[in-house]
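One chain, subunit A, links the two complexes that follow: it is found with subunit B in the first and with subunit C in the second.
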Partner chain A sequence: MKFRQPMNDMLSSWKMAAGVKRSVLDIIIRCSRNAMVVTGTTIIIIIVSLALLAPILPMADPTPSQLVPEDALLPPSSNHWFGTDELGRDVFSRTIWGARVSLTVATLAIFFSLLIGVMLGLTAGYFGGVPDYIIAGTIDLFWTFPSFLLALAFAAALGPSLGNVILAISISYWAGFARLMRGQALSVRERQFIEASRALGAKNLRIMFTHVLPNCMAPLIVWASIGVADAITIESSLSFLGVGTQPPTPSWGYMLYRGIAYLQEAPWISTFPGVTLLFTILGFNLIGDGLRDVLDPRMKGMRR
Partner chain B sequence: MTAERKPIIEIKGLRTQFILREGTVTALDGIDLTIYENESVGIVGETGCGKSMTAFSILRLVPNPGKITAGSIKFKGVELTKLTPEEMRGIRGRLISMIFQDPSTSLDPVFTVGSQLREVTSLHQNIYDKTALRNKILDALRLVRIAAPESVMKQYPHELSGGMKQRVMIALALSCNPSLLIADEPTTALDVTIQAQVLKLLKDLVKGVGSSMMLITHNLGIVAETCDRVCIMYAGRIVEEAGTFELFGKPMHPYTRGLLTAFPKLGEQKAELSVIRGTVPNLMNPFPGCSFVDRCDFATDQCRRVRPKMAKVAPGHLVACHLYPSGGEKDNA
Partner chain C sequence: MADLVSYIIRKLLLAIPVIFLATFIVFLMLYMTPGDPISQIIPPHASAEDIEKLREKYGFNDPFIVQYWRFLERLFHGDLGSSVARATLNTDIAYLLIQRLPRTLELMAIGLTISYSIGIPLGVFAALKQDTWKDRSVMVFTLMAYAMPSFWLGILLMMALSVYTNILPAEGTVGGFKSILLPALTLGLGNAALTTRMMRSSMLEVKRQDYITQLRSRGLPEREVIFKHALKNAILPVITVVGLDIGWFVAGAVVVETVFAWPGIGMLVTTSISNHDFPAVQGCILILAFFVIIGNLVADILYAFADPRVRLG
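Now for the complex of A and B:
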């Protein structure tokens, strides 16, 4: 599981963080040499641009008000690239529209988790003492539950809606960022430049946000891109179980679920959203893994 | 010789203690130290004798669970120990600055030299105009004799050499013309050729901007080169205080003498360097006598029972040792 992975390989030396700021151009050049980042980015760019362009692409309506029963369960053809589902809706169109939902939910959920995680982790790691005791305890409490089960419980309790799915994922995911941030802050605050800036009269808040946080960016970026992939999985799983995105809004998870009943006679209903989901997650994971190599100078030259 | 000058900082009976579960460690035990305007004072002593702790106490940055438990620190007549944290922060960097031992870790690795200087300068001097700020920073870099300030400004700390980084640190510390500069072993992490340059620079700058300097070191050679006055510290106390020439010419305290003989001299053939036997006493156990007693060749019974006080043996020369009757007698009375 991603969570249990030894953190060490993600954690940075100062050079890793220095690499982030050193020069944006330099990073881009190094990324462009990394096969994983290039492949991942290509996949994600294709999927994101299709999702963004969905309203203006010449596609069938993903949620037609008038269902055409004779179109049901048509196999892939030039008219319906991915075939049609049991209600006669175009699977290609629904897959693309589903990407909008999944990507939005995942991005927002990770954004909020990152926000909560960074704030709490930074506070705990920087100040230590009582705040750390309380926050680290809370992190551990959330950490105890598998994040998916936690999200499932929250989504079920809050009732199914897009906002609640985002909330549920954020609640179950922030602890990871908080823990990462806390660990980083703990080590950065002991570094001498923090003491030096205190000796030069800087306030705690200033030290936290202008010195500690920027020195922790590299692992956060890596974790966030892998986190988006995780969040997409969680969203799809929730929709699959019926506590996520509600029909008729197209969603990969729900499409997978509906397709099960027709797996024998119309395998395309599940297969195509499933494969798209697979590639999206693969894309984000590749970006995350690749960035880790790019941002960590110790990995330099090991893999290109 | 310093009597007519105005004191910048007056420390009286400063005691800094670490209250631990296992007991109380007295890191500083009654430090009296006065630094006058335009003066460089060297604080010399071995590791753990409280040199750095004196500096941190002045800045009120004693790490937890340390506390200043007694004494007063007057900075230009203002009692630092009674200031609120807010007021204290206004003093740090603006009026009292500090340079640290290792320049490679004292600069934030993710920002350019220019942006770190900009941060300090704009905050402390309230300069927000971009060109004015830029000129100020370039001036600060030129002041520490950095050859190409424009390009150094845009560089990150890891692109600079150790000596350059220490210059940048000095520029940071001096950017607001502080009245007191505390240099905590500023040259320990640098190689010898750079050491001399940095020391000369520090000396010139301090004279140039009219600041005072407190130079913490364990290297007597550095003191000889840079300071007007020297304080020898041992186990949280100052044991001898004298003008630099006086101290090197007539060391009084057995510890000072030990330090001086332990220092290799050029051109002298010696099979072995003399050492001061024994180790520093545990600061956790309070002890009535002189803390150097176990390592001293001249220790008497009196040394074990009575703690010697600082006493004048010559103008501007103070020593805390029973060997010197003018000091010892006063104490016994």
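Now for the complex of A and C:
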């Protein structure tokens, strides 16, 4: 009897660890069988690694200090794979460097939105009562307000800079995460294992972060992936309108805007960054949609 | 019926703080703008004392909340301030907006028509051919069209239909009705992807219902089952979200009008931003936000009509 208890504990914890491992492995296997996740991940891996390797790839300088006017508007060739723009800069290297900007802005913006959203949503959903009343009202306000207009208003007011774009997108996007988190927390807190851990004397913070949050991870991951796609769209639209990333920093939206004037004689200026932009957004959307099918079949068709 | 009325009243009441949030945000926008708001109206060679007098006169030295209250008061009387851009100096912003509003409205109306006349048939088609290559190609199209930022779609259409083929005019309004087609098509195609997806999933759901099986077993021809009975029920949830599409169209309109130099409110936002005409930006954002809020409200109410369960929630 004396050694049975620890044995049992060991056994069950071993089983639990195996169970966790199996479920993670299981999810990975199911993801690898999902065509959407695989296609999306492949696209994103290619674009992210090109963006990460940009400084060491043998490419032309995206923002040369010495412009060469003779190189302007050259069509794609072995020297300039994507041609050159109206100032003679290499479109290929600017597209790759543009990926760095877009991906950094989008992931940081979604990271901050997620942080604000999870904190507020978890607090509101878990505690209920007055904090919930106030937070849920704020969430509803921001949720109803059109996010692109909000981002546009803030970006225009704060003035164009990378940090301000990140701030503007975070302010306009956090409500979605908060709403999701609050809904999940509301339903999870009623489950029996929460009551059990409270009976065992666990503090609120501990329950919130070790029990409630992990149970909400699946939909959060799905939404974060789709969120990155949305953030890239917003960032490029802001740059297109001239309130996002400022020249000479290469950004897809601004490159497309400049290219409009040269559609006839140099369509490559707009086309290549445009195609890369489309595939990046598509990639994150595919990952999001696929993961949703894998992680939570009930959420199928939830997004319009 | 009583629950429907109370539901609508609840939704209307909820819209009020959202409208206040909109006014607060646009006010904050001007407040946060770097640089002195007075700098636009300072006469040349003004002394520091004169500037201080001007600040006092326009109330820029008052506390934040007082300034906001004054802003609300003026807004309530339809006074949106006047433009500080060089081309439209001192023009009433309300006047500028009213001038531009019809342009944006007609663009949205035609865009919406295009979106529904592509999305609904395509969605029904995909649902009827579920899991065949036809269905899959429609889904790939919607994925691409959904991921495509509207300015990039606009540039592509401009290249295909204007720059290389000269079918439609690329910019401005000089081409009469033809001029609106390119921007409206850009707005419509993007939204058609959403409509198609919704129509497809709604149709698939209805197709599985018992009453459809029953109609089939009575020997009704498939065409009649689908188009006379299933379609009617499947189309309802798609139509009820028309209000939500307005949000999409508003964001799209800002970008698309800029691409095609279409002189609506969206383009006014962009030009005002680059002219640092912040009172005009305020006015535009306020009116666009108002559209979206009304759109959401309409969607909520239509939805409650279509699905009585929502009224209780």
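Here, the second predicted complex is superposed on the first by the 274 of 304 C-alpha atoms of A that agree within 3 Å, B and C clash if a C-alpha of one lies under 4 Å from a C-alpha of the other, contacts with A are read in each partner's own complex, and residues count from 1 in each chain.
By definition in this document, a contact is a pair of C-beta atoms (placed from the backbone, for glycine too) under 8 Å apart; a residue touches a chain by one contact, two chains touch by 3 or more.
Everything numeric in this text was worked out from a predicted model, so none of it was measured.
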| item | value |
| --- | --- |
| Touching partner for A:V243 - first (subunit B), second (subunit C), both, neither | second |
| Partner chain in contact with A:D26 - subunit B first, subunit C second, else both or neither | neither |
| Subunit B versus subunit C as contact partner of A:A157, first or second or both or neither | second |
| Touched partner set for A:S270, first subunit B, second subunit C, both or neither | second |
| Dominant contact partner of subunit A by residue count, subunit C or subunit B | C |
| Partner chain(s) touched by A:R191 [first = subunit B, second = subunit C, both, neither] | first |
| Touched partner set for A:T144, first subunit B, second subunit C, both or neither | second |
| Which of subunit B and subunit C A:L200 touches, first, second, both or neither | first |
| Subunit A-facing residues of subunit B, complex | 59, 61, 89-94, 97-98, 100-102, 105-111, 119-120, 123-124, 156, 158, 169, 172-173 |
| Of all residues in subunit A, those that touch subunit B in their complex | 14-15, 17-18, 20-22, 191-193, 195-203, 206, 210-211, 214-215, 217 |
| Contacting residues of subunit A [partner subunit C, same complex] | 137, 140-142, 144-146, 148-150, 152-154, 156-159, 229, 233, 236-237, 240-243, 253, 256-257, 259-260, 263-264, 267, 270, 274, 277-278, 281-282, 285-286, 301, 304 |
| Residues of subunit C that touch subunit A when the two form their complex | 14-15, 17-18, 21-22, 25-26, 28-30, 32-34, 143-144, 146-152, 155-156, 158-159, 163, 194, 197-198, 201, 241, 244, 247, 250-251, 254-255, 258-259, 269-270, 273-274, 278, 281, 285, 288-289, 292-293, 296 |
